[in-house]
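Letters A, B, C, D and E name the chains as they come in the text, with residue numbers starting at 1 for each one.
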Amino acid sequence: METIVLPVINLAPIMPEIILSVFGMALLLVNVFVPSEQKAYLGYLSLVGIIAAGVSIVGGWGVPLDSFSGSVVQDNFALFFKGIFLLSAGLTILISDHYMKREGCNQGELYPLILFATMGMMLMASGTDLMTVFLGLEVLSVSLYVLAGFNRANLKSNEAGLKYFLLGAFSTGFLLYGMALTYGATGTTKIPKIAEFVAANGMVAQSPMFYIGMLLMASGFAFKIAAAPFHMWTPDVYEGAPTPMTAFMSAGPKAAGFAAFMRVLIVAFPTLKADWSDLLWVLAVLTMTIGNLIALNQDNIKRMLAYSSIAHAGYALVGFTAGNAEGAAGILFYMLSYAFMNIGAFAIIILVGKKGEENNNVADYAGFATKHPVLALAMAIFLFSLAGMPPTAGFIGKFYLFSGAIKAGYIWLAIIGVLNSAASVYYYLRVMVYMYMKNPTEEFDWMTLSPAVMLCILIAVVGVIIPGVVPSYLLELAQKAVLL
Amino acid sequence: MSQFPLISVMTFLPLLGVVLLFFVPKQSHSVHRMLALLVSLVTFVVSIPLVTGFQSNADFQFVEKMPWIAAGPFQMNYHVAIDGISLWLVLLTTFIMPIAILSTWTAVEEKVKEYMICLLLLEVGMLGAFVSLDLFLFYIFWEVMLIPMYFIIGIWGGKNKIYAAVKFFIYTMVGSMLMLVALVTLYFKAGAGDFNVLRFYEVTLDPATQVWMFLAFALAFAIKVPMFPLHTWLPDAHTEAPTAGSVILAAVLLKMGTYGFVRFAMPLFPDATDKFTPLIATLSVIGIIYAALVAMVQEDVKKLVAYSSVAHLGYVMLGVFALNLQGLSGGMLQMLNHGVSTGALFLIVGFIYERRHTRLITDFGGLAKQMPVFATIFMIVTLSSIGLPGTNGFVGEFLVLLGAFESELRWYAVIGTSGVILAAVYMLWMFQRVMFGELTNPKNQTLCDLNAREVGIMLPLLVLIFVMGVYPTPFIEKMSPSLEKLIVHVKTKQQGAVAQVETVPAAPQVMPAAAVVPAEHK
Amino acid sequence: MVSLHSYLIVSAILFSIGTIGVLVRRNAIVIFMCVEMMLNAVNLTFIALSRHLGNIDGQIFVFFVMTVAAAEAAVGLALMIAFYKNRESIDVEDVKLMKL
Amino acid sequence: MGYELFGLPMIYYISMVAKVLVVFVFVLLTVAYATYAERKIIGHMQVRLGPMRTGWHGLLQPIADGLKLFFKEEIVPSQADKFAFLIAPIIALVPAFIGFAVIPFGETIEVAGYKIPLQIAGYYDTVSGQVVDMNVGVLYILALASIGVYGIVLAGWSSNSKYSLLGGLRSSAQMISYELAAGLAIISVFMLSESLSLQKIVADQANGAWYCFKQPLAFILFFICSLAEINRTPFDLPEAETELVSGFCTEYSSMKYAMFFMAEYANMVTVCAVTTTLFLGGWHGPAFLPGWAWFIAKVYFLIFVCMWIRATYPRYRYDQLMRLGWKVFLPLTLVNIIVTGIVVSLQS
Amino acid sequence: MLGVYLPIIVLVAVAVIFGLASLTFSSLIGQKKPSAVKLAPYECGCEPVGSARERFSVKFYIIAMLFILFDIEAVFMYPWSVLFKRLGIFGVVEMGLFIVILFVGYIYVWKKGALEWE
């Protein structure tokens, strides 16, 4: 009976994941043992977990490691994304308490689920094995299905959860089938090994099975990042889900989708770059255009932001299509700033809403600036950043994305991108028109300015403005984090 | 770099005002007004040493340069300086700002704090755009200007303000976004380095690329100018904006477009400039005639003035694209003139609008009897706008037409001249309908004349109208070297390109010829 | 012995049936069962390929897929129950509160 | 016997058919007489005689019961889902009978020079000289147990009767709950045997002590869980006459009803056989008796224990039952696994 | 392979044939006198009220979900149990962690009251 020799396992690369899991589980247990009036502490505890995980990733910067026989890695790319995930999770937690209390939801499970979802995202970013990526994706997705339908008493939330679940599971099927075929064609599920195999076997490796596998995987990922034509779920889910979760979904998981998508395409299929660039070109154009065009006539602000988030995925795809370091760094930077600006915008949407009546209609914002000038200013900053106006992080991000495309010679793509971005200004301005240029119809006296939400807004404003004015440091980080 | 960062101080001084305003309580409107006025005056004072310290040569002066963003392939600097081209525009901006603030001293009653913040932010944007030598920095300021202007029109504007504001924003945005693409393309074509515009001047691009990039830049600038047929946002924006907005829009923002042509589009893409000169000249002339004709039938005084702006800027474009010293300096001067006289016109429209809350020509008539001071001032400004000799308008238009006549744009100049006559027709006709005749409307009989503040606002403008009309030399003197340098640069590169295309031995012949050009004007 | 191709073809057919089922059926539970069928088709593919390649990775993958499918099933059922409680239906035609 | 088919000698096929028939008839007879034995044993335990009329001491009673059921009227409720109603008893019955396929019930015998292991799903591989059986035999049995649930759920649902439905649901909830605990309980056995092959497990016990001594906790847990899984008293809630009439089979009559009963008793036999194999050393025993005899003896003893329990213990309440399964047995099995793991790795 | 699975197929066939045959046989020889009352569902002799195809307690769903989850966890333990001796102490620690995590969920479910039947 021979002993099985196991590979040396280094836990350092998955330290943040471990911390989050431990905190998540601890919170679950704490949740069932503390009386319901003390559940607010769960939020603080989960923030501690987020910060602890954040601390654990700092030391890993610039120290490439891999573990579990190459199933997970710790590289700058993964770490940068982990930072984005932690950030969006932290901001989401800040805005959750207020909302959930108002809607009368039981928050006990909320925080563990957010932590688990974040853990899943991290796994997606650091996984270098299709299996790890898949597992991360599913940990994320399953948590999100619940989070989307978290407000059980609310019909829209139910619908959002169900819809997200059905379509999400459906897309998982495609992703998996793609992974299976890729595995069949190359004989491995390790992403770097796939690349090695293709490099070694050249055209022989590029069987129909291989191409179909890549295509199916791409469509699976495209669903997760809500790229057209796989975006149909986004508006309904974003509209129906509890607002903090909408904020979370649009920031974290989308970035995670990009992380996995980028790693798979860039690392595993570098030799097929011409093929997937063409594919992404089409995806990017469709995604930007469809997202923007439909967003133009949305009255519901959550829905409008949902379509805008589709459009933003399109901009990020522009950088991806470029397939060069600028484009990739642009995606990293953009995802980071998108987390700030989008969650910030949602934080204000949460403040404006009241129980049962979320005031999500654009017209509900009439005269908001008169009543709450500072909040309106913050909202304006977020919206300008989303629209890509300087001097905000949104502009720098877009600049990088489009620069990448231009450098790679995709000038037309960049032009379509900027035209889209100009069109998108219309619907962002619309909100501002209501906030600043219409007379108030409401007193907005139901609003309670919860300190946690205000803190979130403050962080978001700083996170939008500072990188917009002095982006060097962050861009530098993003540059160092790209896989290319 | 050890010298005093005069430009930065000037540019960001209004920002300091913004910060201060944040801390002033919401209700103390008079404090807001005073503070904003004070800041803008100080800014103006700070900008005066730029003129006095300016050496009349072609160099960039008061240079400040420090690294700003450095990441990946990009290197952006905070690089500001002025030369003869931007000097006067900067001065015009700092000069117009206090006037603009004063102009809506009483007209804006609501959200005064926000209003003043917007105005001051706008000033930062405009000054920044004029002084930037780094294309990226320029772009940032260019876009930043949009936001406060959008709010000024949208919040404090007239009935149709939202439509006008959004239209203004989106028009400008579309153009500038394409410019961004071209800008990045240019950067990559130029190879490693920074966004310094002077560096880009030296880059030689193949004519086909130039065409595309010129189009992208030109679109952005042409929208801003605005050139026919991209001008449709302007009448709306002007009509709906509060007086200060209109004044700034006319006096400074539109110059941003023409300035863009002079500073960027032409020197960067000389071959394309050459190629597109006929087209632009055609559009300018169409603009002159068309705008004049449309102005003639306007019912609304403010709209009429807005269309006259379109016509005036047609002259500027014509002069600029004549690409000789007369034309260019005429164009530059016309920019200043237009800033002064159209700004003044908008102020005047603002005065009567404040009194009567209408701008329809038919609502007035015979005001001269009731308001003699007003009538006098209005007359002077109208004449200046028409370009009567002795006023500033004349010098500019004359130089433009002269320059155009001397260049290959001769026939355009001929047609453009008719615009002068048309301008006289519609301006005077309007003046006559408003000021003379029977004082029929009873509401007009109680109108009171301009008060001290209003006269005080107008006085500096009137002074300038005459000074620039009678003694324009100092203005031209300071800008000429820079303009000459520009002309040489553009022409050399145009011919250089031709030489490259043609036979190689032709090149040495061209070089001395290019060197001769400035000598002619000395 | 049955060849790899037969397995792949069977799993492709299963996958297609699942896909079509998802697209044409209206009952949420049936849709979910179709999704499960797709996952199982994938599992079959993995097993067949794993056997063909003599590489254990595919089988390990199947373990994870099964686990995930179970978790999804649990969550999915819970969501459907919540939906049914509020709406007395699990027909996806009724999932239409938020349409354009 | 030189002929071969698909690489196997003809005698393999002959012996296979023989084994199948013998086992099937054996199970059938055991099932039939288990019903008789149950009535008799419980009768005697309760100091009465049980069936006495048909045959000597009522020995023909099962046959009489069977015949009676054959002649009964078939009733299919008008609102029932006909197909599901019809198929349900078969789904319940078949897994109960085929579980025996993987259980080794005796030592390898030799017929005409060909070695035949006494296990249906097994054969002697002449190349390696070993008995080849299903290497995941235990999983097979667990899988069958799961399939059996479908029969019951379908029966309950298709009858369109509230008692049936509730009975079916309760029964399936109970079955899956205890299936879980049972499945976890036997993991500690595999940790000792390092195999899921029942042949291997039996062989392992022959070399050392029976697993019921090495894993007493697992043994008890498994046996109790199995009883619950097959709805034996004291866990026969689904058919609790006092609460739910006849549970899932309320609407059934005639042979269909009989088939549920056959399934239940067949399950009992299978469970006892599995327990024997996993914990009681299978067919091994002192050599004075042949292996199959030891096997039958052990199985019959366990069947007797089942009946004994029925006669002794009162029925559980449903909430007690579920609580017992989830809150006591489940954690116990997990603890057992960990303790076994620690002890075993400390020993080596 | 075949040697192991063929007998099972045969056994299944025998069992199915037995089942079908006895069903057919009994339905052939059994009497048939259906009536509306006889075909109605049994409700202690009362008239049946409403349909039986209605909602039932959510408890059953929860048990079903819990079963799926724990059963799948068990799936991971089976391969481990066969190999655990060869994995050495590491294997025990790993499975210990696994079971601890399982226990976290278990305690959560317990405290949430999913295991209570009232």
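In the analysis below, contacts are C-beta pairs under 8 Å (C-beta built on N, C-alpha and C of every residue); 3 or more make two chains touch, one makes a residue touch a chain.
Keep in mind it's a predicted model, so treat the numbers as computed, not measured.
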**OP:** State the smallest step count from chain A to chain E, taking one step as a move to a touching chain.
**Re:** 1
Original post:
Looking at the contacts, which chains touch chain A and chain D alike?
Top reply: E
**OP:** Please flag the chain sitting at the greatest distance from chain D, going by CA centroids.
**Re:** B
Original post:
Where is the C-beta contact count highest, in terms of which two chains?
Top reply: D-E
Subject >> Innermost chain, taking as reference the mean of every protein Cα atom displayed >> reply: A
Subject >> chain A-chain B separation of Cα centroids, rounded to whole Å >> reply: 43
**OP:** State, to the nearest whole Å, the distance from the C-alpha centre of chain C to the C-alpha centre of chain E.
**Re:** 20
Subject >> Distance between the centres, which are taken as Cα means, of chain E and chain B, whole angstrom >> reply: 81
Original post:
Distance-wise, how many Å sit between the C-alpha centres of chain B and chain C, to the nearest whole number?
Top reply: 64
Subject >> For chain B, residues contacting two or more additional chains >> reply: none
Original post:
At which residue positions does chain C touch at least two other chains?
Top reply: 71, 78
Original post:
What parts of chain D, by residue number, touch at least two of the other chains?
Top reply: 194
Subject >> Pairwise chain contacts under the document criterion >> reply: A-B, A-C, A-E, C-E, D-E
Original post:
Any idea which chain A residues touch chain E in the complex?
Top reply: 1-4, 6, 25, 28-29, 31-33
Original post:
What part of chain A is in contact with chain C in the complex they form?
Top reply: 130-131, 134-135, 138, 141-142, 145-146, 149, 152-153, 155-156, 158-163, 165-166, 169-170, 172-173, 176-177, 179-181, 183-184, 187-189, 235-236, 239-240, 294, 303
Original post:
Of all residues in chain E, which touch chain A in the complex?
Top reply: 83, 85-88, 90, 101, 104-105, 107-108, 111-112
Original post:
Contact residues on chain E for chain D in the complex?
Top reply: 2-8, 10-12, 14-16, 18-20, 22-23, 25-27, 29-34, 36, 38-44, 48, 51-53, 56, 59-60, 63-64, 66-67, 70-71, 74, 77-78, 81-85, 88-89, 91-92, 95-96, 99, 102-103, 106, 110, 115-118
**OP:** Write out the stretch or stretches of chain E touching chain C in their complex.
**Re:** 58, 61, 64-65, 68-69, 71-72, 75-76
